[in-house]
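Dropping the structures in below, format is structure tokens.
You will see chain A twice below: alongside chain B first, and alongside chain C after that.
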Partner chain A sequence: MKHYFRELSVLGALLAILLGLAIFAPAFYQPQPLLSLLTREAPTLVVACGMALVIVCRQIDISVGSIFSVCSVCAGLLAARGWPLLLVLPASVALGAVFGAFNGVLVAGLRLPSIVVTLATMVTLRQGLNLVRQGEFVNLPEGIQWFGLGQTAGQLVLVIAAVVILILLALAMRHFAAGRFAYAVGTDAEAARLAGIRPQLVTFLVFVSIGALTGLAAMMNLAQSPQVQPLTGNGLELKVIAAVVVGGVAISGGRGNLWGAFAGLLLLACISPALTHLRIEAYWEKAIQGTIILLAVVADGLRSRKGGN
Partner chain B sequence: MKNTLLRLCAAGIVLLGSLVPATAADSKLIVAMLPKSKGNAYFISVKAGADKAAKELGIQLLFDGPTDSNAAKQNEIVENWITLGVDVIAVAAENKEGISTALRKAQKQGIKVVTFDADAIADARSFFVNQATPSGIGYSLMDEAARLTGGEGEFAMIVATLTAANQREWQKHIEDRLKEKYPKMKLVAVRPCDDLKDKAQSETTALLSANPNLKLVMAICSPGVPGAAEAVKQAGKTGKVKVIGLGLPNENKRYVREGVTDSVILWNTGDLGYLTIHAAVAVAKNELKKGAKTFKAGTLGPFAIEGDNILLGKPFIFNKSNIEQFDF
Partner chain C sequence: MSPAPLLELRQLVKNYGGVRALRGVDFDLRAGEVHALLGENGAGKSTLIKVVTGAHAPNGGTITLAGQTVSGLTPATARALGIACIYQQPALFPDLTVAENLALRLNAPSPAARMRWSDCRARATKLLARIGAEISPDAEVRSLSMPEQQLVEIACALGSGARIVVMDEPTASLTQKEQHLLFAVVRDLRQNGVGVIYISHRLEEIFALADRVTVLRDGQSVGTHPVAGIDEAGLIRLMVGREVAQIYPAAESAPGTVVLSLNQLGCRSSGVSNVSFDVRAGEVFGLGGLVGAGRTELARILFGLTPADSGTITLGGQTLTLRTPQAAVAHGIAYVPEDRRRHGVVLDLPIAHNMTMAIHRRLFPTTWLRFGAERALTLDYIRDLAVKCSGPEARGGSLSGGNQQKVALARWLATKPKLLILDEPTQGVDVGAKSEIHKIVRRLAKEGLAVILISSDLPEVIGMSDRIGVMGGGTLRAILPGGSDPHVVMAAALGTAA
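Entry: the complex of A and B
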């Protein structure tokens, strides 16, 4: 119980907001708008899972927003050329994985700091995309939105897919050797190496994973609308890093889990619709989100001082 | 280096090319038009109008610009045109201060300068062809909202950010018009979308469920219009909640066709190009001078001049009846 105090406190805060909405703005709980809002967060959740993995490994990837945009636009262009979804989906995942591998080689292979490497990829990809697309939307053919299913069915597929990925990755991180390796490398890379783990390989694979997950998330976003805005995913990196940190994943590595990241994401994501429903001015949105992040970081700081590690 | 060489060669070819007809058809006037970026669909549609005017006036039109929005490259192109000795330059400035030095240099060489779409510093050009004044945009949006709702009911607004200067200014004019003319309409919420279509969609979804009596969503940033439309469509409120906004035809065609979005407001980009070339030629021929109150541009008739701004006039409304004719 004490071990999961951070995760439980985030969950508590989320439940408090949901309870407040139930009392003061019951209109929030209408099935269709709620499902639409959840579907909008499904791709973000998938990227947040990858980010939790990276941060547990004591790395960071701020290029996810740009990778997301490039994958979205490329997948959109392929779909517009008449490629079937069954080919576009793996293409987008593979493209994301390639960008992730590129980051991974520089971070793990050349041992460069991940914040600098991914800052460079972030800017390069974003500007490259601006140069090529000039902000022009990609119009998708019929049958891409909701995978050709109905709206509600398509939304359910996306939400369930995101939750399944969350569960699989959470279980893998806890029970599979590969998952435990990430914690080991994030806690103490040298000790992990002495225990027979190859920290550089783990780091590389973690970057490939977040890239692939981002490519997948781009597809999950693509399927929600009939067109792709090249700016899509701008600021996504901040959103997922915030969700992961609020959810109790220590930025210093080695601690936290995906359930916390999930709760953190929902907590941050419900602020904006909650304000709309409570008729509070939008100026407060970022201030409240910032305060939540600050509280989370302070809580982590206090705990690590008390715990001495 | 290689790039510079290539550009020099290109300039040489253009120079040669322009010399030949110049001697043949006793010195046709050369108008050089510089968009922010030449591949952009918006400026391509401006060029269509410019081409039409060039043909009518029998002048030679050079249309060149950076491939991306690059202020430094705009300066290079102006320098090349100075060397080439064009008669008049029409510029959509990427960087107000940055381009003005080069434009002043052109003026010193006897080249006339006008600006369009985005102005330079006032002393670096003779006229600015102003496509839309903030009050023109604000009033048109509010009038259109009132027309669609019958002048009463609740509406909400999606903006890019709460602090962007142009957004604040448009919002102020919308609210002025609302107060002045439509007492039965009520603005219930203003939400930012950070220029992201996806966020505009989430915001509109929440707006719709929080305000069951909402009759219209107005988006005053271009990604906000399709974002709001997608939310209205997903909520099954097509037709019940109207969507209007400031945006580009191509991003909204689909929703206009489906009847989700009613009106997209912008200016007629073809007319902007047409008026700019007419103004540029009139300035070069000294027919249009400081202090003029109106200017007659070919078949489009007279345009008002405010100070040194030639006003394109009321914004243009794209709707089901005309949007298919536009491709930008």
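Entry: the complex of A and C
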């Protein structure tokens, strides 16, 4: 219990908000708006899982928003050309993985700082996309939105898919040796190397993973509307990093887990509907989210000062 | 009666926690003298320097500078009082030019003051000329060689009007020619009435340069002699002293077949050359020598961290190329590194994770971890090695040094190695844990493991080893039987005939 104190405190905050909403704004719990909220957050959750892996390894990836946009537009164009969903989906995942591998080669292979490498990728991809597409929307053919299932069924599929991915990755992080490698590398790469682990390979693979997950998330977003708009991923990186950090994954690496990131994401995602239901001006949303992030970081800072020497 | 010495230390004491690093040191330095400081690793030389330069406050004793007793010395006041220290690794700003470095170090200007760069440059040129260094004041420090950087440090010391200059193994990374330049500078300092405290392991330097020599042993000064009145054998006798009676567990088994065989092994990038020896199953092969002798570098070659570029490594009859730690582990080599708190144990992770860290490696990364098996294995080692901890979930950082070392050891025993390399396994470990670790090492040897024990603790390496390889200057200088006379070992380490 003590071990998961950080995650549990985020969960506690989330439950407090949900309880508050149940008392003061029961309308929040109407099934359809709630499902829509969860569906909107499903792609973010998938990227947040990848971000948690990257941050556990003491790296960061701020190019996910741009990768997300590029994957969305490319997948949309392929679908518009008549590719079936079963080919568009792996193509989007593969494209994301290629971008992730590019970041990974630069960070792990050349040992460049990941914040600079992914900043460069972020800007290049975003501007490249603007240049090629000139802000043009991609119209999707019939049968892509909600996978042709109808809205409610499609929403359920997306939410369930995101949660299944979360569970699988969380189990893998805990039960596969690979997860241990990630924590060891994030805590002390040189110590991991002296234990026979290959830190550079681990780092490369987490970047490939977050790229592939971002490609998948792009597809999950694509399926929610009849059009792809090219700015769709802007700001995603900050949203995801905020969720992960609020959820207790230490930015200094080696600490935290996916469940915390999940709770952090839900906590931040609840703020906006909660404000609406409580009839508070929406301007407060960013301020409240900022305060939560600050609180989380301060708590981590205090905790590591107490825990350290 | 001569004038008061520049620096006088009386009964200086310094404790780090429970460790008594200095237990009553007397030392004095006169103007215009080079006073050498000599002692084994851990004898207290570095501590003494830290106290004199104000980096650490002493726990007892007096420091007298030119007849005035000073207390509460800080690095800033030490500098103001004319004490300068030149470390092995120059502490300069690599991205700034020589003149900028000198200006920053010498003026300590107020942040708002305008820098007069032309003055700074002129002064740098003058200082560099004075010590005969052919270095441009506009050169970036990054572009200078190590000895050139040391010369810049010396220029700093001169420019600050230092009366006392401490040099900590200044020649460790210098070539012969650069050494001569340095010696000329030191003699020039002496001529100008500066007192130089000169630390070196190289006896020939001490005889060539110093006027007097003080020997430290176990945190005490055991004698100050004019260099003219003492010879090498006498100095070694002072350094080693009488043996502390400590019981080491005796070898219980005769060594078996050859496990590891090195032939003319070398690696240019880490300065190791021409190392040949065998280690047998059941044998503890000690590696002795002074700091910088090349022992850790040799271990890193054997573990594939810095691959060899000449010679051969034969393990169990098979000639190996070791280019990665993974290859070394796969062939049954285990390495418990020197810096335990940094590399041996991951302090943030639980003991269980630490102990199984090296055996996941043999498995595929997608192996499903069996927590039950992990717990059982961890508990086995906790019991077997008597690790004092609250359980397998306790963080590595919550353990004492000796118990951390046991966890590091367990990690590697779990790989079932053929060859175990221990790098300074008892450094910073208390006496009780030290003797426990000795017993464990003996037992492992008895069970048929080949052990290479790197230790700077002379009694330990002599008492624990079946044979002792003495290293110096990156090569093997001698192989001596276990239990050898410490004077002989020390003489071999220093590269002189005892």
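Note that the second predicted complex is superposed on the first by the 308 of 309 C-alpha atoms of A that agree within 3 Å, B and C clash if a C-alpha of one lies under 4 Å from a C-alpha of the other, contacts with A are read in each partner's own complex, and residues count from 1 in each chain.
Here is the rule we use: a contact is a pair of C-beta atoms (placed from the backbone, for glycine too) under 8 Å apart; a residue touches a chain by one contact, two chains touch by 3 or more.
Bear in mind the structure is a predicted one, so any value in this text is a computation, not a measurement.
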Clash or fit (per the criteria above) of chain B with chain C on chain A: fit
Contacts of A:111 with chain B and chain C, given as first, second, both or neither: neither
Contacts of A:33 with chain B and chain C, given as first, second, both or neither: first
Contacts of A:255 with chain B and chain C, given as first, second, both or neither: second
Touched partner set for A:231, first chain B, second chain C, both or neither: first
Which superposed partner A:194 touches (first chain B, second chain C, both, neither): second
Contacts of A:176 with chain B and chain C, given as first, second, both or neither: second
Which of chain B and chain C A:221 touches, first, second, both or neither: first
In the superposition, chain B vs chain C on chain A residues touched: B
Touching partner for A:184 - first (chain B), second (chain C), both, neither: second
Shortest span in Å between Cα atoms of chain B and of chain C, once chain A is used as the common reference: 35
In the complex, chain A residues that touch chain C: 3, 174-178, 180-181, 183-184, 187-188, 190-198, 254-255, 309
Chain A residues touching chain B - in the complex, by the definition given at the top: 25, 27-28, 30, 32-34, 36-37, 40, 130-131, 134, 136-137, 139, 151, 221, 225-227, 229, 231-232, 234-235, 272-273, 276-277, 279, 282-283, 285
Partner chain A, residues of chain B touching it in the complex: 37, 39-41, 67-69, 162, 189-192, 194-198, 201-203, 205-210, 212, 223, 226, 230-231, 234-236, 250-251, 254
Touch list for chain C against partner chain A, complex: 303, 305, 324-326, 328-329, 335, 337, 342-346, 348-349, 353, 356-358, 360-361, 363-369, 393, 397, 411
